[in-house]
Amino acid sequence: MVTLGQYLIVSGLLFTIGFAGVLLRRNIIIIFMSLELMLNAANLSLVAFSRFRLGVDGMPNYNAQVFVFFIITVAAAEVAVGLAIIVALYRARQTTHVEDINSLKF
Amino acid sequence: MILPFIVFCPIVAALAILCGAPARRTALWAAGFTLAATLLVYFEFDAGRRGFDFVVSYPISDAWRLNFTLGVDGLSLIMLLLTAIVTFAAIWFTGPIATHEHAFHACLLLIAGGALGAFASLDLFFFYAFHELALIPTFLLIGIWGTGNRHAAAWKITIYLATGSFILLLGLIMLYRSVPDGARSFDIRALQKAAALGMIPTDAQGTIFLVLLIGFGILVSLFPFHTWAPEAYASAPAPAAMLHAGVLKKFGLYGLLRVAIPLLPQGAQQWTTLLLVLLLGNIIYIGLVTIAQKRLDWMLGYSSVMHMGYIFLGIASGTLLGMNGAAVLIFAHGISIALLFGIAGEIRQRTGTLLLSDLGGLGKIMPRAGLAFGLAAFASIGLPGFANFAGEVMVLFGAFRNGAEPYRFHIFQIATVLALWGVVISAVYMLRAYRKVFMGAMPENWSGVTDLRRSLHVPIGLLVAVTLWFGFFPQSLVRIVSPTFKSYFTQKP
Amino acid sequence: MTIGAPILEVEVLVIGLFVLMVEAFFERIDKRTLAFAAIFGLAAVLAASFFLAPAPTDVATTGFWSFYTADLLAIFFKRFALVTTILVLVMMVDYAPVVRQSVHGTTHQSGLGEFFALPIFTCVGLMWMASAIDFVMIFVSLELVTMSFYVLVSFTRRNPATLEAGVKYLILSALSTGFLVYGITWIFGVTGETNLARVTAVLADPALESGPALFGMVLVLVALGFKIAAVPFQMWVPDVYQGAPTPVTAFLSVGSKAAGFVVLLRVLQPFFMMPQMVKALTIIALLTLLYGNLAALPQTNLKRLLAYSSIAHAGYLLIGVVSFAGEAVAYYLVAYLLMTLLSFAVLVVVANQTGDNIEDFSGLAKRSPFLAFAMLVAMASLAGVPFTAGFLGKFYIFDAALRQHQTTLVVVGVITVACGFYYYLKVVRAMYWDGSSIDAPVPVSRLSRVTMTAMMVAIVVLGVYPQPILNALK
Amino acid sequence: MSPILFWLFAFVMLVFGAAVVINRNPIASALSLVVCFMGLSALFISLDAFFIGIIQVLVYAGAVMVLFLFIIMLLDLRVEERRKINLVAFVGGLAVAFALFVQICFVVDQLGAAKQAFPSLRAAKMDDVHNVGLLLFTNYNLPFQIIGVLVLVATIGVVVLSKRELR
């Protein structure tokens, strides 16, 4: 049988992949996708907790699923605003590269 | 209500000046009123009295038991008197200022107000806060109107004093915290009561005293922390140097006498040896450095650092005589150094230099300046007849007497003997400076130099009269301060 | 007459919607009247906050009051958010010409309406955040605030520096959101609860393995570290502060930071019995103090200087947090609000004429004695000169730290205060010592003049008489 | 759900998740992200969270991905030219990420409940749309309203940021 731990490890791995993407990639769009991976990794953990740690009524803990719903909504809104900013940046600077946006220095 | 008037008169005047009141006139009137009010307190004060008089108190924060409390005893009274006199003289000495005249007078008055507030406060919080009030005005005074390497000097004094103040703040909070909860207060009287009941544990006293000693030490230019002083005084405009060297610097000494010594007697004993070594550094090492100075303003700056050593010796002596001497010397030194800086400022204004090798022969064309400078220099050396002499004698006797044994020299006796040499050293540099400036051949191009303007007779006369008066009648000071110090000794269990 | 605390947010929300509607349907009006209307409305809400009906004190198990509390801390920070927003709106009116230059649209005032409306929505978010006692509520209100800051930071999008700031803020905030969510997930996974009170109750059980919950808490702390600009999560701060429109920078440095600290105070409560937590926070506080103050020393741009100074102040605030002194933190935040917003207000006005480098302030004492004096007060307070609120704040913080025997923190704190004197006085030096090639006086609008005077008075009064703030928390 | 299916979907999700990060072509990354989210939604369904699984497909594959692809096309982003990688930063980043993963493994190991196999549900009939919806509109009403304000702010933001400029 599959255990809670296995779900958590898989989700942790996804979170790590996303985090590594943020750290290592220099393309802002891909960084943004990696951030989505991190959020979804958290969602997977939440749903796993909701299924494995049943509520008092013996059914999944739906509080966690509501939280997942909120996270998905926020993530979608974040993507919309984020892409708008990235488009504005591209219009002004013709780049989506992190290394190109360093006119502000220490 | 007279104490709040004394404290806030200069501060309100400073605000008025910033808002557009005529600068010099307002400042002078404010200083005059302050002086008059202080003299009133001085004559009203009942010298036999123990504890504080003229107390007024306004609650600030219940949670902290914080009150804005003003009051005077003998010790704070002579500090107030010193401040009022020197402020009056410094503002009178201020000539026409080329730029931002309003701001200049406002800064001077703020420094004076800060000093008066610190000396009159019975609450540690305001005692500290008022002193800090002077920090930014000092920075501006030196930075805007200073001479020479003013920018570096302004930075140095500000950073040094800020650091010292915050170390001091730590010490004060630690002191506040060391008292058990029920008796905890910022009120000096309450703290004294707690200390008399032995509520401040001995092991805590050592640490707190050290923190306070370093904090106050930086403010008074105790030996290894002194480097800000000469540079700042050399660069500051004369009235600022008069106020700072004459009055504000004494805050640290006042703090030691008011807070550290009476509240932490065991802590003080633990660090006496360290203090003795450091103060000998002030007297001997700085004294020798002073002799080597090539500029008059630097020499005066160093001399003021050096004389702090004597006052520290009086404080460290732990005897009534020594502490009385320290108090008298604080007063006397404030007066004499203010006069010296004032005259030096006038000379710089006329000749454009204070390099000793360039100066000479000014005694012929500036006889009044020469006379005033000579008197101040004699006072500073400690010639009999001046208040400084009385102070130094009392300090030295007091220190010598501490722990005296018939057959061998105790550390205090050794220190006293070494400190005596300081008198010789100060005689050397003061007389040498006088000779170089006022005697000998005068450079030709200075034939147009004029003597001090006649109106300056007032502040100079005031300063000289005060130092002579208390030189001949030192007991009028001792009578006032000694009840305070006596209470320190009777409190000990 | 009294009203319920949740009404306050609704009122502010209505003001925001009103501004938005008017902006959309009335094109001809002067958009600045919208800002005045908003300021007036928020002031009314602020006044209303003093007539609150008492809220239920015990935490409900479900429903509205299990997410929302109206305790003293919450009310206090609601007022805090309102005051901040009002002051930021005043600044935004002064800043309007710059917005016009960089957002070209069909009419000459296009974009201004949104510029005034967004801070109001941010304010709602901040107010909800102050009341949040459930991780879900914390998450959504925090995201509301973050979302509006995304837009505000990149608002003047013609300016490449602003866009860069926007992108940096976007990526790092989104990253911190990721950590926040994952952290909450773990805390939920261990305790099965999101309500803070119930999390505390579950965690108090010694049989529970606390390791995973602690891991979750560390992740939440990382996320909050981004919000309050604590080292090592501060790397976005200087660039974003310098690039963002100045009023937004001010809002970010006060509003966002204060909200972060409220949440921090609330969230830490279940975890404070764990010594690891205190140790970790102590180290973060030390690093923040040192980095903020040392990196501020060589700065030549005032906005950037204030960015580092805001990191430094986060360090002092963290000392308060580590010393369990919520009251001291609240007082310090008020002082921080006044002095930071005052310096930004002066900065906005002066930067309109010259620029935002420190050398642009040269000779300000001649060009505008009023502005120079206001800046002097702000800088003195930031540095910690007595008789200003900034000093009393530091005093409280150091006192709290000494009470908890946090000697290292106090020693480092004192050393860094001396650094602070150096870089704040650099600004004073420019204004008063240095001459300037420009002699033209700086125009100050009457509204700004009144606001700045009020802030100066508040700084001095609170520096001498802190009782009003302390009473508000008792 | 059988372990084989779990591992299959987990594998798909992780491999394509990694592909998002590794691909140098943004379009390929975006498409990998879609597949990754498909695998994720299958995992959701394996956890009996049908509603969330469907929302996941609808919102991410349906809306977010389209937005990403649209923007990538709009900006005409090509395969990025190979840039010089800062080796120290690269290795450092990798190490930090790895450390995070090791930490997560430790924490999972510490969690007693992690060894727990699937608990059986009391009722066989799953009505999770109903349950989630009910919670959303009753208990979670306040956060739900706040999300509404958040979406409003996001809408304003997108309009403000991408309004056409007059040149």
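List of remarks:
Order of writing sets the labels: A, B, C and D. Residues in every chain begin at 1.
In this section, contacts are C-beta pairs under 8 Å (C-beta built on N, C-alpha and C of every residue); 3 or more make two chains touch, one makes a residue touch a chain.
Everything numeric in this text was worked out from a predicted model, so none of it was measured.
Counting C-beta pairs in contact across A-C and across B-C shows that the higher total falls to A-C.
Centre-to-centre, using mean CA coordinates, chain A is 26 Å away from chain C. Between the CA-based centres of chain B and chain C the separation comes to 43 Å, rounded to the whole angstrom.
Work out the mean CA point of chain A and of chain D, and you get 5 Å between them. Mean C-alpha positions place chain C and chain D at a centre distance of 31 Å. Residue numbers of chain D whose C-beta contacts span two or more other chains: 104, 108, 111, 140, 143, 147, 150, 154, 157, 161. Across the assembly, chain B contributes no residue that touches 2 or more other chains.
Residue positions of chain A touching 2 or more other chains: 8, 15, 18-19, 53, 63, 66, 70, 74, 77-78, 81, 85-86, 88.
Contact between chains, using the touch rule, shows up for A-C, A-D, B-C, C-D.
The residues of chain B lying in touch with chain C in their complex are 18, 60-63, 68, 100, 103, 125, 128-130, 132-133, 135-136, 139-140, 143-144, 151, 155, 158-159, 162-163, 166-167, 169-170, 173-174, 176-177. Partner chain A is touched in their complex by these residues of chain D: 1, 3, 6, 10, 13-14, 17-18, 20-21, 23, 26, 29-30, 33, 36-37, 40, 43-44, 46-49, 51-52, 55-56, 59-60, 63-64, 67-68, 71-72, 74-75, 77, 80, 83, 90, 93-94, 96-98, 100-101, 104-105, 108-109, 111, 113-119, 121-123, 128, 131-132, 135-136, 140, 143, 147, 150-151, 154, 157-158, 161-162. Only residues 1-10, 12-21, 23-27, 29-30, 33-34, 36-37, 40, 43-44, 47-48, 50-54, 57-60, 62-63, 65-66, 68-70, 72-81, 83-88, 90, 96-97, 99 of chain A touch chain D when the two sit together in their complex. Residues 8, 15, 18-19, 22, 28, 31-32, 35, 38-39, 41-42, 45-46, 49, 53, 61, 63-64, 66-67, 70-71, 74, 77-78, 81-82, 85-86, 88-89, 92-93, 101-104, 106 of chain A are the ones that touch chain C when the two sit in their complex.
Note for the complex: chain C touches chain A at residues 136, 139-140, 143, 147, 150-151, 154, 157-158, 160-161, 163-168, 170-171, 174-175, 177-178, 181-182, 184-186, 188-189, 192, 194, 238-239, 242-243, 295.
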